[in-house]
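Shared between the two complexes below is chain A, which has chain B as its partner in the first and chain C in the second.
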Partner chain A sequence: MSDKPAKRKRRSGSRLSILVMIAYLAFLLVPIYWLVIMSFKSNAEILGMFTLFPENFTLDNYRTIFGDPSWYMGYVNSFIYVSLNTVISLLVALPAAYAFSRFRFFGDNHLFFWLLTNRMAPPAVFALPFFQLYSSVSLFDTHIAVALAHCLFNVPLAVWILEGFMRGVPREIDETAFIDGYGFTRFFTRIFIPMIAPGIGVTAFFCFMFSWVELLLSRTLTSVEAKPITAIMTRTVSASGLDWGVLAAAGVLTIIPGAIVIYFVRNHIAKGFALGRV
Partner chain B sequence: MEKTVNQRAWLLVIPVLILVAFSSIIPMMTVVNYSFQDSFGGNEFFWVGLEWYRELLHSERLWDAFGRQLLFSFIILLIEIPLGILVALSMPKKGFAASICLVLMSLPLLIPYNVVGTIWQVFGRADIGLLGRALSDLGISYNYSQNAFDAWATVIMMDVWHWTSLVALLSYAGLRSIPSAYYQAAKIDQAGRWSVFRHIELPKMRGVLMIAILLRFMDSFMIYTEPFVLTGGGPGNATTFLSIDLVKMALGQFDLGPAAAFSLMYFLVILLISYVFYTVMITADKNEANR
Partner chain C sequence: MSLRLEGVSKIVNGETHIHPADIVLEKGSMNVLLGPTSAGKTSLMRLMAGLDKPDTGRIFWEDQDVTGKRVQDRDIAMVYQQFVNYPSMTVYDNIASPLKLRKKSAAEIDARVREMAELLKLTSILGSKPAEISGGQQQRCAMARALAKDVGLVLMDEPLANLDYKLREELRVEIPRLFKASGSIFVYATTEPEEALLLGGNTATLWEGRITQFGPAMDVYRGPVDATTARVYSDPPMNFVSVQKDAAGIRFPDGQLIPATGETGNIPDGTYRAGFRAHNLEIGTLQPGAVSFAAKLIVTELTGSDTFLHVSVAGERWIGLIPGLQDFRAGQELPIGLNPESLFYFDEQDQLVAAPDQPVDMERV
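Now for the complex of A and B:
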């Protein structure tokens, strides 16, 4: 007697789950869908008719972007500084995260929190001083300036995530390696790094992501040579608020790299968001 | 895990220190410096002491922005945390469906902030947007660029759209780490769905939920790009949050002194609240380890 109602309850529970999931995903995807179909419409269709699906399917908007260097160089610039930032962040964060995960040393907890405070700092606070600092060392409008500026929030994050992943590696492995006569550098590069490869992948993904989506600092620190695509888009909005089709196409093109990267790290993503603390 | 005391570990931390010093301490010193001085263009500065701080603490504009900011962060946490938990509980546990859900849910997180603004700007317009059009067809007057309430609703909906997945992913990671023995024990005890959630899932998710609250608080408290693109802080000052106000002051009007003082106070508030969170989190971590 007690079996049947329980079963029915569970089934209705899972049906509810599916409903919640579908509703949530629809909520996420409908605005994106709207952007995507807009990028395939002509401006006349966007402004003149209200269609749920492009009537005159056109690739003109994409042609505009790929035919104009001031548009497509934005993507190249973004890619350059995002990659630079990811490499720099990983290089400095790896040894530091190892130190935090393995050793107790003078001021370690304070240092860790201080690092974290940089992740908490509003970029708006740093916009003006960065502008002056990088101008004074004549790095203004270079890719490396944006890459270094983004280290402000990516390095602490990288240390945090990597530390979480490194904690999961038993100390015995370090000790065995040292007994076997491995020096620190050799142990670190040959044994330890391959062991936390998924963690490094996830960290790289997060550095990539936060540098890719950021606008305020990258816009403040560039004018022509290193101008990122996101800044080019805002300029276009304010200059000619009419060219919705091109704007939508540019937006769609900024989503694609993220979608590709996320597919590769999908199995570790949840752990990464938890900063390796699960 | 026991950690050994080793002062040479400092050597490993030095590269980070140098880099962060360059990108954080030096600019921060500039800010501190400006906040005590006044400039008349060029490079002439003179000492004004605490004048800017005094002025700002009596500035209605700042307090208004601060109030809006607190309200915004509060609403965001109130909606996103429960919704994220609900979504995490509803997610398929494994297999192809779970992968698809993970990828689709992460999608909004990877969209550049200004594109998020653009998406909702387009989506909400009554002439060309699906949402705006649908609402006006239903007879609801909706215009986010003129009506303050609509602007708020849109900014909040946009943020929920953008970031709820983060909370959901974190909670999902927390749920996945619960050993199945717990559920079996609950089944033997004939525990209902609610008590399973209340006594097993929620306590086990506490760690990741702390991180979720911390991240969502920090990020919603310094939100800039999305409302800037969507409403530009308007209508009037209705959606002028602290960062928008600060950038207006610093880069728009070039009021270095007040902007610097504003920056420091802004940063300190975030720091203070986050420190409390962090301490609670670390203590919880330690208790967990000792258990």
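Now for the complex of A and C:
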């Protein structure tokens, strides 16, 4: 009897919160929705009328992208340097983060903080030196050039996230393994890496994401051979004006990889945002 | 097989964690490191294991200098207070992992794993991951892994401290059994005198980074060389009262006089500290010859079947252990008594000068 009013209150409260949630979701999803329906419309429909659904549903925009190398190679290029960058960042950050989490050495705290401050400079600052440097060592317009440039902000981030996860692993595990007879490499690959696998997944996601969305450096350091999709999208103004439909389709295709990657690390993503320190 | 430490010390950030220590652990012996938290038990053990390098001194294993040797190449195993297992492996693989690294044959490994599982009652959970089993089972698994290797030196750093009371009791009685089955040198760190006595063997008492005494458990318990050792080897800590020895006998602060008999007859006149363990404090009807005091009760603590009395007597604070559950009020006056034959006497340098010669009642520690 006595708890009935409270229950009713809770129910009406939850109804309100559901409404708020729906409104918020709608607000967030409107631009994505608009992008998706635009990609299925013709240019005439996009410019000529206001429609909530594509009147004449068409896949022409996607056909254009998948049929034209100057379009789809943008994805391939982006994918190549993003993957390269993710692999390099992880390979560099794993031992570095282990050192930071396990050993005390001269200046370790300062170095650790300094790593993070690298993220505070806008990439534009680094565009000029990278451009000049890579041109002079003929790395300009290669995938590895962009991958290396992105390490500038991804390696510190990876070190920070991984260090947080590694700190959560008790040092006694390392010692037990050494006592059991594991050498360092074997311990690191067989025991330690599986223990921080979620952390590695989250780190890979962040590296992938930041490298995938970065525009300025990747555009500056490439011209034809390694031109990323984000650069292609921002240059698609033809003689006949903007090709809205194709651009929208390209946008949809750009979102998909991120959505796929985030699906795999969804359970650990919050810890990653807290740089592993939860 | 023996482990010998010669003048081994450890200094961390200018703070001495272990003062130069000399100790010899003999083949197949059980050695208990007994001391309160931060007395240096873990530090000493890590030096023995080779996980830390001593700042001075040498460590010998079977008369070979192993001071700088990598832990991988040492003949040791260690069990921590925390339950340390490899989370990505099953219990079976955890136990098998050190054996695999020693390049044993598959059949040999399997036989050994099953033998250890049998010994530690893990057979039914060999396929589980450490996260899926209870704390007690996790620690059993860690012990099984440590013992599976059949090493010369097994180090156990408060292995039962993180377990609840029931499990602790249960595992505690198994350790002597495991020790006998292994034939290794065991080093076992604990904060509890009771555990040291139960495990037997040798006891090394530690206090502020020093080994105050090392010898057979009963010898150390009955004849602590100094007041510090006596305090460490009593739970609750030993009670003290200042006494005066003169021609007439031994005089207590309130003027009571008891005859100086036995060993106490031979000590020179002067001021001494008399110490006694909590269970030697008596209430109610006192035995003839007992020293009696008027004590003021500060607080009582009930344990399962006994009562701890915290009392204040002539400015000293004593703790007594009384059988049964007693209902006293804080602040009330209590007549208490002491059997003079249970008293240890320490001189002004805290060195033992006389110990009770009667066998000590071993039921309570």
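Throughout what follows, the second predicted complex is superposed on the first by the 258 of 278 C-alpha atoms of A that agree within 3 Å, B and C clash if a C-alpha of one lies under 4 Å from a C-alpha of the other, contacts with A are read in each partner's own complex, and residues count from 1 in each chain.
The rule is simple: contacts are C-beta pairs under 8 Å (C-beta built on N, C-alpha and C of every residue); 3 or more make two chains touch, one makes a residue touch a chain.
The model shown is predicted, which means the values in this text are computed figures rather than measured ones.
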{"item": "First (chain B), second (chain C), both or neither touched by A:V213", "value": "first"}
{"item": "First, second, both or neither for A:G181, with chain B first and chain C second", "value": "second"}
{"item": "When both partners are placed on the shared chain, which of chain B and chain C touches more of chain A", "value": "B"}
{"item": "Which of chain B and chain C A:I191 touches, first, second, both or neither", "value": "second"}
{"item": "Which of chain B and chain C A:M38 touches, first, second, both or neither", "value": "first"}
{"item": "Touching partner for A:V125 - first (chain B), second (chain C), both, neither", "value": "first"}
{"item": "Chain B versus chain C as contact partner of A:I173, first or second or both or neither", "value": "second"}
{"item": "Residue ranges of chain B in contact with chain A within the complex", "value": "1, 3-10, 12-13, 15-16, 19-20, 22-24, 26-28, 30-31, 86-87, 89-92, 99, 101-115, 118-120, 122-123, 127-131, 133, 161, 164-166, 169-170, 172-174, 176-177, 193, 207-208, 211, 218, 221-222, 224-225, 229, 242-244, 246-247, 250-251, 256, 259-260, 263-264, 266-267, 270-271, 274-275, 278, 282, 285"}
{"item": "Residues of chain A defined as touching chain B within the complex", "value": "9, 13, 16-18, 20-21, 24-25, 27-32, 34-35, 38, 46-47, 50, 52, 88, 91-93, 95-96, 98-100, 102-106, 108-109, 111, 113, 115-133, 148-149, 151-152, 155-156, 159, 167, 171, 209, 212-216, 220, 229-230, 233-234, 237, 244, 247-248, 251, 254-255, 258-259, 261-263, 266-267, 269-271, 273-275, 277-278"}
{"item": "Chain C contact footprint on chain A (complex, rising order)", "value": "170, 172-173, 175-183, 191, 194-195"}
{"item": "In the complex, chain C residues that touch chain A", "value": "49, 51, 70-72, 74, 76-78, 80, 82, 84, 86-88, 97-98, 101-102, 142, 145, 149"}
